[in-house]
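Common to both upcoming complexes is subunit A, partnered first by subunit B, then by subunit C.
So, the complex of A and B:
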């Protein structure tokens, strides 16, 4: 079956303006090859500045890009292609409350997509009530304004608006950032229900690994605009292949004081795109970096069925259970 | 057990509109300990943190109780005396360090200014600032000459921690210090706080909704719900033997606590009570799986073990 979304060698370059840099461009993303099968959830993870949101914008045509994109098997090239993908997809924004116009009440906000895409909606009030019911809010919420909503309610309104046109693809940018754990679980459960009910496919962008572990079927790890690892979520969490993925997973604080770490998995922070390291972008922070990592650029290659990684060193420690177990237990307890 | 360095006694605080943000909070901070304050948004944890350093937002009104810093009642002091204590005895780190610094002054100038009450020449103060910056892992010469906006979020938080610890306070209060950061930077800041705590020997009060951060960093934890402290326990007991039903519910919601992949996450049904009109009985009862008739009356503060207390009808003393 053709995947709902297929990206082949996608790149994004930002042209630099200015007197001295005219004609030059700043590379943000390169070589992104990804598939999102229908009815699945793909998690896009990485630190801030890794290009996650830029990729989402490029998919919706909000950011010029080069490379090949197929939506439902059809190439996305012209403006009308993008209009079509925007009609059949929806975006859930990071800051749900801020993404809603303060001058529109909930009813207007969630039915606006019909107006934008000139779709028949019947009676506005009925459609709004239907959408609110879908996301578990009472119909009376239709008359509220964004400032009258709690964080969790604003998220639900964001979901209702995203669902308005019965999309096939939903791109959720940090769908639960800033929410309490219990409300976060509510929203994720709602997204899971809707996925099942409407056969949605999700692209979930987040830096919260604990969350993505329970939500995504597959994950793609980005570092400084490069895809460094992709594969089934369970396998990546069991045996992360790329040193960056390993560091990210190890950096997540565990809610158990008996599992405190004495050492740090990763030092420093992601370098800016203006100071992109040569060869392997991760070598400046990689605990395993060797000469080759400073010399040659690694390529994304298949390391196991369904899994790909972009690292020179994977042969030597190829998904070796022992090595990764060691990494897991490398954290002696503090008393 | 040593004398508490900071003692919150039966503190009650209201915001305009009659919202009772703190309802009889008692909590001790012991010298050199790391105390975590956990709870969901709206439970009063940030209000408690700002009351501890008597930096309340306008409109907040103390309706009862007191906060003692080394025996001095902060609420009874003049604003001038309180300013004398801040920095020297107690300091604070905020969630967004960009708002904590003056945007038009270089980090170096600000770190010198913060030592206004200290002895020594300005050269001496600058040297002290540089030493503290290198302690928090920043390149001192570089950081001193930067404006706040020229630093990344993680570097800014490091600079804010350096500023807070400059005068070697007895208590450092950190309100969601890692919430705005990536996991990798969060781990580094946690590590840094732990190192500095060992070195400076100050007590740290860390307010966060992130249970992983508390598990990593704290010695003791206070869990808040609806303006009350519902459970206090040593960190290991809290995570491995939680007693209050709310603590249990909160811990089980954390997706990082679930090892098995699950499509459906546990949640806490219901919602927070309206703090403008809090229920007379247990505030958690409407959401509590154990609730019974007795929960309609105010719950007792039970001490099931020497270092533990729980606000619940259902816990055996």
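So, the complex of A and C:
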């Protein structure tokens, strides 16, 4: 079956300078190759500045990119292709309240997709009430303006608007950012419920590993605009291959102090695309970095069925099974 | 649009969100804030008074502003002539009232036209392609480097004085300032999440510009326009005073001021009476502009209750 979304060697370059300094560009993303099968959830993980949001925008054509993108098997190239993908997908924003036009009330906001794509919606009022009911908000919310909504309510309105045209793909950027834990759970349950009912595919972008472990079928880890590891969620959490993934998982708060590991902690900040390290991007912060990491750029290669990683040291690591076993939260002998 | 009463009371919003309460440009609570501020209220009253004077001049003026009565020239204020008469015996009160018509028709027309022009060009520069923005900004910078008075004098020399010349000069000189303001607003807003959201939903450029950007960028322009009206009124008076603006005998505050100045010793009341509406209308529009700035500030609209 063709995946709903297929990215092949996607890259994004931001042109620099103005009228007199053409030609220079800042490389934000490169070599992104990903598949999102229909009905599945792909989690995109990485620190701030790793290019997660840029990737989401590139998929919808909001950000010029190069490479190949197939949506439902058809290439995205012209303006009308992008209009089509925007019709059949929806973007949920990190700051849901800010993604609503401040002068439109909820009813106008959530029925706007119908107007934009000239889709029949029946009576605006009824359709709005229907959409609000779907996300668990009373119909009275239709008359509210964005500044009159709480964080969780704004998020639900965002979901309602995303669902308006029955999309196939929903791109959710930090769907739980800035919400109380109980509201986070509500939103995640709502998203799972809607996925079930409407057969949605999600691309969930987050730096929250607990969230991604809970919702994603597959994970893609980004570091400085490069894919460093992809694979099924359970396997990556059980045996992370790339040192960066290991560090991320090791950095997760753990209730048991004996499972905390200092040796895998990464130091410092993400270097930033302006001062991109040569060769392997991660060598400046990698606890295992060796000479080769400073010399040659690694490539993304298959390390196990369905799993890929971009690291020179993977073979050595796989020999070292004990190291990785200790990272396995579920391993019964340690608990 | 639902009235305030129909909207259920909002839950306490976070601080950061207050900024977004900008809401509609001038909805009821904005007006309430404007009227609660004594300066704003005074400004509004003065502006409404002058606009009323201009609109209802034929009914308000006790005499024909052009009717000569040389026997009664240089009359000081009296019951028959509350503001006295000028060197040709014309009733000054009537001339002042008609002068409001001259001043406001020039000021409002030119500021209005410049505002519309600035709005359109500014939004094109802010949301259009970058190369077009570059060209427009270059033009704005060139035009606004010309001093208004110098340009006015040059244009008057070429095409002669008159109302149309004045309006032309003011519109030409003011457009860049308004366009720059709107461009900056538009540029900033084009990156905001809700505009990106509209694009992600597939909204067309025209729809984004008209439905989403326009209502969100005009607020500051309204304030600037209000505060620029007195500048144009002063310019008109100044040029008329120099005999380069409105041609006599059309009543204009500048003309009256000039006539008063030439007969300052024999009839000092003329200068005072012609200066008063100039000062009051300037204060009125400036206060209104400042009041609007507060009234359109969503933080005050929300928290002011």
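Throughout what follows, the second predicted complex is superposed on the first by the 308 of 335 C-alpha atoms of A that agree within 3 Å, B and C clash if a C-alpha of one lies under 4 Å from a C-alpha of the other, contacts with A are read in each partner's own complex, and residues count from 1 in each chain.
Throughout what follows, a contact is a pair of C-beta atoms (placed from the backbone, for glycine too) under 8 Å apart; a residue touches a chain by one contact, two chains touch by 3 or more.
The model shown is predicted, which means the values in this text are computed figures rather than measured ones.
Three-chain overlay on subunit A, with subunit B and subunit C fitting side by side and no clash. Contacts of A:184 after superposition: subunit B is touched, whereas subunit C is not reached. By the document's definition of touching, of the two partners only subunit B reaches A:47; subunit C does not.
When the two complexes are overlaid on their common chain A, residue A:105 makes contact with subunit C while staying clear of subunit B. In the superposition on chain A, A:151 makes contact with both subunit B and subunit C. When the shared chain is aligned, subunit B comes close enough to touch A:251, but subunit C does not.
Once chain A of one complex is fitted onto chain A of the other, the partner contacts of A:210 are limited to subunit B, with no touch recorded for subunit C. Shared-chain residue A:140: touches subunit C; no touch with subunit B. When the two complexes are overlaid on their common chain A, residue A:234 makes contact with subunit B while staying clear of subunit C. Residue contacts after overlaying the shared chain place A:274 against neither subunit B nor subunit C. Once you line the two complexes up on chain A, you'll see the smallest CA to CA distance from subunit B to subunit C is 9 Å. Shared interface residues of subunit A, touching subunit B in one complex and subunit C in the other, are 151.
Looking at the complex, you find that subunit A touches subunit C at residues 18-19, 57, 60, 62, 83, 86-87, 90-91, 93-95, 97-103, 105, 112-113, 116-117, 140, 143-151, 153, 161. If you check the complex, the residues on subunit C that touch subunit A are 2, 6-8, 10-11, 13-14, 17-18, 20-24, 134, 192-194, 196-204, 207, 211-212, 215-216, 298.
By the touch rule above, subunit B contacts subunit A in their complex via residues 40-41, 152, 154, 182-188, 190-191, 209-216, 218, 235-236, 239-240, 249-251, 253-258, 261-268.
Against subunit B, in their complex, subunit A makes its touches with residues 47-48, 151, 180-186, 188-189, 192, 207-211, 213-214, 233-234, 247-248, 251-261, 264-267, 269-270.
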